[in-house]
């Protein structure tokens, strides 16, 4: 299993996170408390990791075309401040853990140019069309070795 | 193309519609106006047609197992009254049009034991895994011939 | 009641529609047929009308700040072609009908630089915080008189 | 701050959790991997806690009528097995931590009569209409004292 680089700290983007997308809060995202519904944040995390991988030059659609998916094995979100209708949010994301078959991605959602709204992480396993775990393809591993700070690779990636 | 049996009339379930499901409105369904979001109704329609077909003894999952789907080609919803958080709604649905390759389903959503909230219809084409239109399998057509009032079958179903 | 300017024609954006937003299809939007779920399109329509009004210089949030909402009274969508995961879509929208208390907005969703995926319309009533219909405020009416081709105004707007 | 009663263990409902609802997986819930989308589980958690409180005799709607909400401050979900279209799921939920202003609710989602699909928890703060934290009303605290095993109450609830 890989080693965790960093714990997201409230209000402080960790160095490993980069701004990857903006998002405008919709009516569809909000609830009767007039704030973004807690479950709506998980769409934002999806946008964050999709744009992170696209920025790496490897959009998820390339992997899907080869029958590979990043199944979510765990998701966690902490809500620091409410987001309101029509707020423009900024999504930061970063790979923070990599091993032969697993990834961890960290996220920070903030008001554009402002305060932290939520911090989150997701853990993923690489799976095939049948949902069976498979090892990261060499191509994706090479990409990650370039994209991620060296210490993010767990000890076991050398033996893969 | 099949012939349309009935137009849903506000507040009046048409004879062709039957109660198929109940639904409790969630925070997730509502918006900052504190009413059910207009787009959330389309989930209710999905529940309506799934339970309608299950009541026919032919759950959609049986068709999916054979690589057949009912693709939506048109959806329309009219909103008569707002639904609020925690309201218990009743979903009525009925097949109102059938031809060799197409179906129309009508819906009425009302407060349990009360007033009409929305009326809607969806049109569907039978498609295969690749999304290509295919004719209704004989088994499904036989089912529909039993389930639907005779005039709902368009003239072209005899030539299939 | 206002007069309808134009019927959306498959594949042909009507002159009244303008490109207002791009949208990247998410996993969250798709279904097991591996296409965008029919209900997900209604989020895109919301984005379309929000950006249309923002382009007019009157974002919905200004109206909400004054306790006014555009309640949806009817929504209709026709699905011409499937949209797939990661497709980049373009959303066109336009005001096509206006009267003292009601609006109709038409939409066209297409693949970026490509074919029509869906055409749709929504009808709206202006309501207050309690959901009661109210007349369009003069400010909004003035805006619409500039933004919309003259014939879109129904005869009754002069008597308001 | 309250004391945590129990850690959900994979596949093993903790004694504190009780079956509160069933849920049929919709097309709307799934994604192109043909499994329930990771973000869709948070609707199920909402159903779980709503029905848990209803079973306590205190539906959330009663609190909302008094201007009180349970804002989510943290949500976490672990995905053990995929859920597929039309699966019937069972939702278990239980209050596992209570203090003067905060709650923790634990969940387990499983196939009806079968294996664990997901385990999760949410943390909540009691807030008013303006989103400001408020203490649990005496009525809700009395309810919780009956509903929850005694050790779930943190030491500070006596000082309220």
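Which chain is which? They are A, B, C and D, in the order written, and residues in each are numbered from 1.
One rule holds in what follows: contacts are C-beta pairs under 8 Å (C-beta built on N, C-alpha and C of every residue); 3 or more make two chains touch, one makes a residue touch a chain.
These numbers were taken from a predicted model, which means no experiment stands behind them.
The chain with its Cα centroid farthest from the Cα centroid of chain D is C.
Taking B-D and A-B together, the pair of chains sharing more C-beta contacts is B-D. Taking each chain's centre as the average of its CA atoms, chain A and chain D sit 25 Å apart. Averaging C-alpha coordinates per chain places the centre of chain B 32 Å away from that of chain D. Separating the centre of chain A from that of chain B, both taken as means of CA atoms, is a distance of 37 Å. The set of chain A residues that touch two or more partner chains comprises 27-28, 32-33, 39, 42-43, 46, 64, 85.
By the touch criterion stated above, chain B contacts chain D in their complex at residues 24, 26-28, 42-43, 46-47, 50, 59-61, 64, 85-86. For chain C in complex with chain D, the residues that touch the partner chain are 27-28, 30-34, 37, 39, 85.
Partner chain D is touched in their complex by these residues of chain A: 32-33, 35, 38-39, 42-43, 46, 64, 69, 71-79, 82, 122, 127, 131.
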